[in-house]
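Letters A, B, C and D mark the chains as written, and numbering starts fresh at 1 in each.
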Amino acid sequence: MNEPTSPRPRQVCVVVTARPSYSRVKTALAAIAAHPDLELHLVVAASALLDRYGSVIDQIEADGFPIAAHVHMVVEGENPTSMAKTTGLGLLELATTFDHLEPDVVVTVADRFETIATAVAASFMNIPLAHVQGGEVSGNIDEKVRHAITKLADVHFVATELAGERVVRMGEDPATVHVTGCPSVDLAMAARDGSRLSFDPTEEYGGVGADIDLDQPYVIVLQHPVTTERDDAKAQVEATLHAITDSGHQALWFWPNVDAGSDATSRGIRAFRETHEPGRIRFFKNLSPAHFLELLIHSAAIVGNSSVAIRECAYLGVPAVNIGTRQGGRERGANVVDVGHDATEIRAAVDAQVARGRTAPDPLYGKGDAGLRIAELLAEVPLSIEKRLAY
Amino acid sequence: MNEPTSPRPRQVCVVVTARPSYSRVKTALAAIAAHPDLELHLVVAASALLDRYGSVIDQIEADGFPIAAHVHMVVEGENPTSMAKTTGLGLLELATTFDHLEPDVVVTVADRFETIATAVAASFMNIPLAHVQGGEVSGNIDEKVRHAITKLADVHFVATELAGERVVRMGEDPATVHVTGCPSVDLAMAARDGSRLSFDPTEEYGGVGADIDLDQPYVIVLQHPVTTERDDAKAQVEATLHAITDSGHQALWFWPNVDAGSDATSRGIRAFRETHEPGRIRFFKNLSPAHFLELLIHSAAIVGNSSVAIRECAYLGVPAVNIGTRQGGRERGANVVDVGHDATEIRAAVDAQVARGRTAPDPLYGKGDAGLRIAELLAEVPLSIEKRLAY
Amino acid sequence: MNEPTSPRPRQVCVVVTARPSYSRVKTALAAIAAHPDLELHLVVAASALLDRYGSVIDQIEADGFPIAAHVHMVVEGENPTSMAKTTGLGLLELATTFDHLEPDVVVTVADRFETIATAVAASFMNIPLAHVQGGEVSGNIDEKVRHAITKLADVHFVATELAGERVVRMGEDPATVHVTGCPSVDLAMAARDGSRLSFDPTEEYGGVGADIDLDQPYVIVLQHPVTTERDDAKAQVEATLHAITDSGHQALWFWPNVDAGSDATSRGIRAFRETHEPGRIRFFKNLSPAHFLELLIHSAAIVGNSSVAIRECAYLGVPAVNIGTRQGGRERGANVVDVGHDATEIRAAVDAQVARGRTAPDPLYGKGDAGLRIAELLAEVPLSIEKRLAY
Amino acid sequence: MNEPTSPRPRQVCVVVTARPSYSRVKTALAAIAAHPDLELHLVVAASALLDRYGSVIDQIEADGFPIAAHVHMVVEGENPTSMAKTTGLGLLELATTFDHLEPDVVVTVADRFETIATAVAASFMNIPLAHVQGGEVSGNIDEKVRHAITKLADVHFVATELAGERVVRMGEDPATVHVTGCPSVDLAMAARDGSRLSFDPTEEYGGVGADIDLDQPYVIVLQHPVTTERDDAKAQVEATLHAITDSGHQALWFWPNVDAGSDATSRGIRAFRETHEPGRIRFFKNLSPAHFLELLIHSAAIVGNSSVAIRECAYLGVPAVNIGTRQGGRERGANVVDVGHDATEIRAAVDAQVARGRTAPDPLYGKGDAGLRIAELLAEVPLSIEKRLAY
């Protein structure tokens, strides 16, 4: 305190808009909060505030992060029009929030559609923007959003070498591109320590469907609707339901997030349950990220189209059956097998992957120090809003 | 009508948000309206609707284009926060507009900040997006907006070969990138035919300041505030006012457009006028694009930081004094001299450029058929919303 | 067509924002659509568009009304802040809608919070506003909204003589106040004809909880959260759950509507079910208004705080146990008994009312011709936006 | 500070949306800020933030009031649709502001259209609402807005006995209605002390038009557009311009405020100046309220349709020529003569009023202690959000 030159810590505003985004930055948040030259302002927004998508906000508070602002911005409807309106409302609200917080840098996470509101508000307000997890390839609206944010961002924290190369090829200054690994792998590494499950998901979260014997092998299912394939969402979820039911495996099935088409997914599940006897499946709404990771680590395989299967499971070595186009183009470790939306094909892949067992850890998406590296970089890198295409 | 295969014409929705954007697509609008396989839905939005920035809407109606929707979206304030809010409101409104018009393709023009609302609304609503004038380099928020729109767009109509190369290097599929030239050059080419001025700007538009003798040489001044240099806006405009006053040249000075900082520009002009005797300068709010072009073609030089000096004037051969950073990075023909915000430097450059006279026509930004080519391409190219980084 | 004087039919825009509002104007909508001098433009907005509050929109389409515009405006959160934001977004959207439809008169229904957006948009845009169901007294935010709308409205269609007197006492011109009765009673009168249930609610709608024997007496429960008593919502619903469970009566329990606090109500129901064995209760989300009316007509009593118990049931003679403050001040027929949020008190009243049986029809809220009268008045009354306090 | 029971001061949030509203509460703001049991949170919003309507914000800061929040909410367009949208945006923004400030009571001033956003946000968020200046009668949209706000408000500070009676007749609890007089009269009383002008408006504010000799008699002109007579705004302002020009009186003419139609007023003034030689008129944008009052006190008469002529001038005894319908229904002292929008009629009235000279002070709108009384009442009255029509 006595040093005459000790400057004000950098004010870092991180905007979290959804449950998975929180998992993707949790270790970075902790490292920012702990860093002497940084001050954390956590903004919780959009579906992260909504009860019916799981109380992320409760988890955040339980994890001890003070919340600087709550930004309600989800316009109901869950269709492409309401996605646009949610983003428009978010832009109105986040401008007010940034006006009030006056951060030195804003951090936006990944590629959910509404995160472009964070990126536009910060860049229009001349606040340097840092982007976590650019440079990946996945198709769909996420693809457009992710790269558009890269072009609005001033600092880039990417998960893989290849992602970093792509960001540079898009014309960003290499000095602003940092390969940090993905903070979600930090969490997976920490969760790995437990030798057995510390909780029973049915006791903790209820859920509906079959009783699960956690001493027996089980698979995890997570299948999100694909925004450009909305009309197929119902059929797609039914194919997976058939495959899992027919396979006879025990399954913990997690409910989709708020997005255009998720109502169709819900309807698909409901419709199936009315006409079929679903197999040994139990459906859950949302678990805490920590609990989810525990279940994943002890699972026999993960099935669906979640990026968790590609990203965290690379390092964890959990066999993954990736269905459909949603993760197309994303780099994969040896743990992944790709299939289409076909019940027979899915079932065969699930059987094979469960039989095969764990693969070797692959540091493709990081080695567990991503959060720390992001915080250090946020404290050190020059913050500028001036940039220009490098070619 | 009897042909069994005649399809519905493609419904093309073009969103125009400002006076200069209208000039940049006017010949394309005419060509779309005239094309048998296209139907034009013109949406007029943002500052293009506002009286105090010149009645663009009156010009559009006078030009015979029916208007499909008026979208009021400008939140007053003219600061970075209101720029963000204007864009958020635009996103809310344009989502409703697209819902109603159900276009097959949306066309967005150039890089003004609020145009990202058009791009986000269309891409989130799964409507193919065509972007006119991507791939250029200019610095400032326009730079970020332009490339972010490129990453949201599915079809690219670029002005120059180099712009096209840049769009491809940013990862766009080369099959979707079309070098059409810039439609603003089409207008310049058409306006070039008149051998002398068809009107007197003072009679037609009033204006304030000195009387101008149009039979004597005059220069055109157009100086926009630079969003990242807001605090300097007043000083910057004063340097130019001093240079022009001291040079003794006659000048037609056009008022800046709505943007953060334009109030500062206005204040700079007012403050100068209160303490100095401005020279042979007459100030105008907004002319019709056609009238402006006529004045430009007959001018001795253009001074300031407008892209017109770089773009249309390349082909017209009008000598240009480009001041400051706003056009940094944009390709230049031989007609341009660059200077800083320094009164002495500006004055010397103006004197030299006026003395030098016309340069040879340079087809860098097109040869006058850009509007036609854009319409033809809109009728022919495959329209898809699926894309992925090319590397 | 040949008559020289046949004027354009009056363009009547009715805005429906929720399931109960639709029931409250359905017969008026039919009469407007059928009237030769009127043209109906039905705008469906807010929770009426949302799947999770029951597909009102499907019922509207099944009833054969064309929909002029869908207005998504619900900002998620279900707290007082999101109520304000929902209304603000609705105001933005409805202004665009009225701009597009250009109605001669806008009709708004009752007193839900978001309906003030309809009233403000119409009055600010100089469109005459007709209000259905003003002049009643209920307490809570509905009370404020209802009377504020009266002060914004130009024509008043009230349900009862006393309501009409109140509107006049508030300073409205008596010539603009018309006692039409309530259109919801029209529906009840029509539904009354069926001698027995035409459907099984469990077969039709699923629901969860006990099996109901429809040949045995059952009660209907409908309990809404009270916006000013949000913290008590959970306890209030639990008192009623205890009373019904302990009474041993069969009950059809209908799920609350979207409002601040309804999540608490839902949580109250879920919490009770986890710790108690609920009695002979079956929970349903939303029935079609017609089906609901059928169930009501055949019920032994209605319990809760819905206005249906006061309004439609006056005429139907269904015994009602009204709980708490929500209907405070509303005129009652002989069918109603009032109790507090006390399980013992509620149970005693339910037992007594079931034992007592039907009461004589009371035309307090109308005789079944309200919809017709509203349509006739809309075709005939002078439409002006000029008004002034009568004293 | 040592008293164990000393409670937290009441947090009073006052929302000021325009220049005249600031004058109407300035003495109340000072009294609230000075009161030991109150804490002032001043929110400056809407046109009060906009440069082109005069820098109210600068005056507020000069007066020493800290500003708790700036709320940008004006959607450009100045037509009825943008009035509705401005209010919608204000509702979104004010909800966020109240969420952040958590006031115990919100104070809204008078009846400008956008103030209904303040009233709706506060009442929907269960914050007690106090309304200054209800119960008056004026016609137009202000009339609807004023009384609608009365029905949303919980405490009423009215200017006159008659206004108080009207609020009670509208059904408000008499215990919540307080006749305080109007704070604008407090200011007038204070300003009255100066025996001569302390400044020269031309030196201080510039302005355009004739030179004014302040030692000779002059009249003040203030003419606002009437929202329901938008098409006549240009003709109406021209009639007054003719009357003043022909009368030969010196005049200080003040520019209208932001509202639908004010562009038409501006156009009327510009058009007149292009075709006529305006007489001894000087046009000003906006003066500080204090300066305006000084000019008013020393003027020979006030002409136009401002409420200042009715309200402050009753007490000051300044002769007033009130034109048209805008102040219709408002109580008048002996200083007022009413005329229509007819140049001859206006001129005759101006001549007669100037000739007649001062009238006796009339305490109709207060005796100079309104601000103090409002602050005292805010500290003492019970604050409840529960209310019900009194009949």
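Criterion: a residue touches a chain if its C-beta (ideal position, glycine included) is under 8 Å from a C-beta of that chain, and two chains touch if they have at least 3 such contacts.
Predicted model, so just to flag it, every value in this text is computed and none were measured.
Most remote from subunit D, judged by the distance between CA-atom centroids, is A. The interface at A-C recurs elsewhere; of B-D, B-C or A-D, the pair that shares more than half of its residue-numbered contact pairs is B-D.
In the contact between subunit B and subunit C, the residue numbers used by both copies make up over half of all numbers at that interface. Here the CA centre of subunit B is 52 Å from the CA centre of subunit C.
In whole angstrom, the spacing between the mean C-alpha positions of subunit C and subunit D is 39. In subunit B, the positions touching at least two other chains are 81, 85, 89, 92-93, 96, 99.
Those residues of subunit B whose C-beta lies close enough to touch subunit D in the complex are 49-51, 72-78, 81-82, 85, 89, 206, 263, 274. For subunit C in complex with subunit D, the touching residues are 80-81, 83-85, 87-96, 98-99, 113, 116-117, 119-121, 123-126, 137, 139, 141, 143-145, 147-152, 166, 169-171, 227-228, 328-329, 385-389, 391.
By the touch criterion given at the top, residues 70, 89, 92-93, 96, 99-100 of subunit A touch subunit D in their complex.
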